[in-house]
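Down below are the structures I want you to see.
In the two complexes that follow, chain A is the common piece, with chain B as its partner first and chain C second.
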Partner chain A sequence: MGTKRFLTRTVEVVALVLLCLLIFGPMLGLVIWSVALRWYWPNLLPQEIGADYWRQALGLEKSLAVGAVSITGSLQTSLVLALLVVAVVMLLSTPVGYVLAKYRIPFKGAILLLFLMPQAFPQQPVFVNLLLVFTKMGLAGTFQGVLLVHLMVCLVFAVWISTAAFKAVPSELEEAARSLGAGGLRTFFRITLPLAMPGLLASAVFVFLTSLDEFTGTFFIGLPFVATLPMLLYSSSGFNLQFASVIAIVLLIPSILFMVIIERFLKAEYIGGIGV
Partner chain B sequence: MSSVAVGEPAERAPGRKRRGGREVFLPFLLLLPAVGLMLALYAYPFISSIYRSFLVKGQGALTLSNYVKVSELYLRDIFFSLEIAFLSTAVAAVLSILMATYLRLGSGRVVRLIGSVYRLPIFIPFVVVAQMMTTFLAPHGLLNVSLAQIGLVNLDTPPDLLNWKGLTFAFVWKQWAFMTLIVLSGFEMIDNTYIEAARSFGAKLHQVILRILVPMSRASLSVALILAFTSTVGTFTLPYMLIGGKTPTTLTVDIAHRVTYFGDYGVANALGTIAYILVVFTAVYYLRYTVRREVYEQ
Partner chain C sequence: MPSLSLRNLNKRFGKAVAVENLDLEIHDGEIMTMLGPSGCGKTTTLRCIAGLLRPDSGEIYLGDKRITDTSPEKRGVGLVFQNYALWPHMTVHQNLAFGLQLRKVPKEKAARRIDEALAMVRLSGFEERYPRQLSGGQQQRVALARALVIEPSLLLLDEPLSNLDAQLREEMRFEIRELQKKLGITSVYVTHDQAEALVLSDRIAILHEGRLVQVGTPEEIYNQPGNRFVAGFIGLTSFVEGRVASVDDAGAYATVRTEDNLEIQAAASGLQPGQKVTLAIRPEHIEIGEQEPVPSVAGTNLFQGQVLRGAYLGDIIDYRIGVGNWVLRANTPTDRMLQPGQQVWLSFAPDRVTWIPA
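Presenting the complex of A and B:
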């Protein structure tokens, strides 16, 4: 019995070490590359390291070297875009979430379907055909065009998360407020909205990250004129490993930070759809 | 659900007229902007992608010639997409069941630690995963160089991983964690007494997994499988950055090439429609399951 338990323990430890190597290995490579000034095989680690690429990327140091990239412009584009997307999407999705959670309406199935389809079918063909439409309207390659695509991508998640947030508000409280004479608007703003607020904030953070990480829609609608961070990462990934790694880490930090905080408000199904 | 009582506040509130005109129109007014946006920016291009797959530039009539071209040029890639999707979903499913079992049945500090660490890949967007894997799996990337240290790889002739192997590895790496999260939420709804009863009758671990945990959480397991499969078929970022235009490559890469190199929307849409067809069964199951769940919860 003793040897058997020892064996199980050993297997467990080996499996865990392997697991950690597999999860952290690729991430570690990213970190090493972002500070590698000289790294030739067969060395396991770089021969020379330094923060040079970080300083150039963050615009702290101007470099005339070929391929030197500053991420500050793209970072600004990405942040402005993401904040705008959050503002518009929250305005649009909050009423939808409320209605879907609290009202019995005709055509409900069809409306639910409209907001579920993008999760159930590949989205790339949709972006391709939006490109056709946007080209005719002069929106292709513009900030406004990319904004519209991000709105569509993010709205889906925001609607689902805010529906869940409003469903979690006990209807007894709303009924109590109304039976005490509060009107519909007053009940909504004094009772329903404050109670749904944590879920709505989680939705806002989720929308922010989805916009920040969005790739496929921006690729078709935005290139080559709208350079968000993921686009800049893509364009430097082929020839400029260090800069690409720096950008990847810049994108990684807010994702991990915020998602760990808001995760408990979210269903696993929605988290899985981020950054596609 | 207690929210059953909420439907139509107008009927519930005492002293109010039943179904005032405003109360009927208000919900639709609230829905209008978001639904309008989705119809214009999602539903229209979705339908148009199917319709345009039957159109050829300069020709008025509907035609199948885009599909003929697809069958001549891209049949191999269609099967490649399917193979990658089935393989990585299957591997990720097995790993996620094992992981969820470990987290469900185990206890203690190590289990809790693992329970928070394994989720990390869920939060990492595909574009970052792609960049990570390009450097990690490169011929002289971190993986091969590390394996060379213990003599498993000869760096003069490193194995090429930037093909189906690397792509499957990357998809499994990303999907497995997220599938574990869904599967585990299913496992956690199973009462301990079932597991203890089976154990006390001498059930082995694999019997507990195959006879109790998996069958009793079939719904969440199928949602995990469906979402992973659909997302693998439809993901453009990862294959585009990892293997790009190599042969064979995925449908999604072909669609991008058709659009950006040839401006050929007909064939691109035919490929897109085929991508819809590849996921149609899983999509319909998922949509029915979710719509029903939402409607019944009311």
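Presenting the complex of A and C:
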């Protein structure tokens, strides 16, 4: 029995280590690259490390070296854009999701499908066409243009998720509130909205991350005047792996942060009651 | 407490008729059960009373106030759901406080009323719990307290015990009945469970396919079912069809002859010779004998039959017994076992045979 248990345990540990490598391995490479000042073949690790690239990227130090990039401008563009997208998308998708979930409306399936349409076709042709339209409208290369593209991409998920979130709130809970004297609006804000909140928050986080990472649409509509972080990552990845690594890590931070928040929030016990 | 009156209520969903020409009067302080199989329109009716559905036509009066078009929040009706419908993001206290806040009851007074309501359902001390921390029975008692704490003029209960296990369900029947009597609140109780209806109700309204079939006290419904559906739905009943052959001189008893020439004596009240009738006989009124009784008493119904099969129910054994072309159900205590195929003699008093117009 003892050897058998030892064997099982060994297999478990090996599997765990492999899993960690699979998940964190690529990220570890990024971290090493972002601090590698000198790293020549055949060395397994960099010969010289330092935070120089980080300092330059964050604009703390100006360097005249070729390819030195400051990411602060793009970071700001990306964050402002993502937050705006979250605000607008949530303002739109919450009522739309509520109506789709709670009311009998004709062509409900068709409407939901319509929201999926932009995703149903290959992205490049869609955005190339959009570029033509936006150029005519004077939106190409503007912040507003990029904002519209991000809205189009994110609204899809948001409407679907919030519809599901509102659908998960049993109508008896709302009817109970009505019978106790609450009008429609009060019932929505005191009962329906709080109960749909975990789903809506998940949707908001998803929208935020999608906007932060959005590439194709921004590439066609935004460049060269509106450069978000993924644009910068793309343009530096070809020749300056250190900067690319720094940007990649910066892009990872909000994702990881939000994963932690989602995980903590979605664990909140009261949503366990929603499924009643 | 006001009475409730439903006048010629109609409700359709698309082409399906849910409620048709329903007239029902629920008296002040009475608990009325709407009983029927699923799809009979009982829940639809209840939702119309609560204001969650609008009837297509007809009127609803609470006391002398017409509430047909009143929105649900203005009706002042307490509502209890099958799945409790407690708000999972609020504590028991907050669940109960909700209705009082909307009525602008001052905080201290509200706290006192919440205490009283929780004491009433024996849940004092559970104020700070969340619904998920309570058992099903406790959750339903909280739901009841939440509906009662606003002192509604009408209490509506939609299958409130259907999600609970059998034993708890039995206890809660009495609890709800007692509470209702203590508060004297006019109540409408929807259920498909006839035992629940018999225990709980002052009167029972039987619904079938959207129509009101019979209204009466539990005794009336059980002993004088108005038609075959009611007789079959409430308790166990065997049916025998025949034609009235004769009525005795005093007009007290009638002889009903079946097509296979069985002659059954029944209480005649209102029967005319030649009339086609369905006779209803409850299993508990049938005596099973294993030998032919001698001498047979004149005036009782005595038939020879054959045991088809029996079902052991714990307290009794439920037999199906073939008599002529008919199958009658009858019981014995569990210490008396009959074998399938065995010859038996069934006897039952004419007074116990009720008739239903065929």
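Convention: the second predicted complex is superposed on the first by the 231 of 276 C-alpha atoms of A that agree within 3 Å, B and C clash if a C-alpha of one lies under 4 Å from a C-alpha of the other, contacts with A are read in each partner's own complex, and residues count from 1 in each chain.
The rule is short, and it goes like this: a residue touches a chain if its C-beta (ideal position, glycine included) is under 8 Å from a C-beta of that chain, and two chains touch if they have at least 3 such contacts.
These figures come from a predicted structure and were not determined experimentally.
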{"item": "Which of chain B and chain C A:L195 touches, first, second, both or neither", "value": "second"}
{"item": "Which of chain B and chain C A:R178 touches, first, second, both or neither", "value": "both"}
{"item": "Contacts of A:S70 with chain B and chain C, given as first, second, both or neither", "value": "neither"}
{"item": "Between chain B and chain C, more extensive residue contact with chain A", "value": "B"}
{"item": "Touching partner for A:P118 - first (chain B), second (chain C), both, neither", "value": "first"}
{"item": "Partner chain(s) touched by A:P170 [first = chain B, second = chain C, both, neither]", "value": "both"}
{"item": "Which of chain B and chain C A:T142 touches, first, second, both or neither", "value": "neither"}
{"item": "Chain B and chain C footprints on chain A, overlapping residues", "value": "170, 172, 175, 178-179, 269, 271-274, 276"}
{"item": "Touching residues on chain B, where the partner in the complex is chain A", "value": "1-3, 5-9, 12-14, 27-28, 30-31, 33-35, 37-39, 41-46, 48-49, 52, 110, 114, 117-136, 140-143, 145-146, 148-149, 155, 173, 175, 178, 181-182, 185, 223, 227-228, 230-231, 233-237, 241, 252, 255-256, 259, 265, 268-269, 271-273, 275-276, 279, 282-283, 286-287, 290-291, 294-295, 297-298"}
{"item": "Chain C - residues contacting chain A, complex", "value": "50-52, 71-79, 81, 83-89, 98-99, 102-103, 130-132, 143, 146-147, 150"}
{"item": "Residues on chain A engaged by chain B in the complex (per definition of touch)", "value": "16, 19-20, 22-23, 25-30, 32-33, 41-44, 92-93, 95-96, 98-105, 108-109, 111-133, 148-149, 151-152, 155-156, 159, 163, 167, 170-172, 174-175, 178-179, 184, 213, 215-216, 219-220, 230, 233-234, 237, 241, 244-245, 247-248, 251-252, 255-256, 259-260, 263, 268-269, 271-276"}
{"item": "Residue ranges of chain A in contact with chain C within the complex", "value": "170, 172-173, 175-183, 186, 190-191, 194-195, 269-274, 276"}
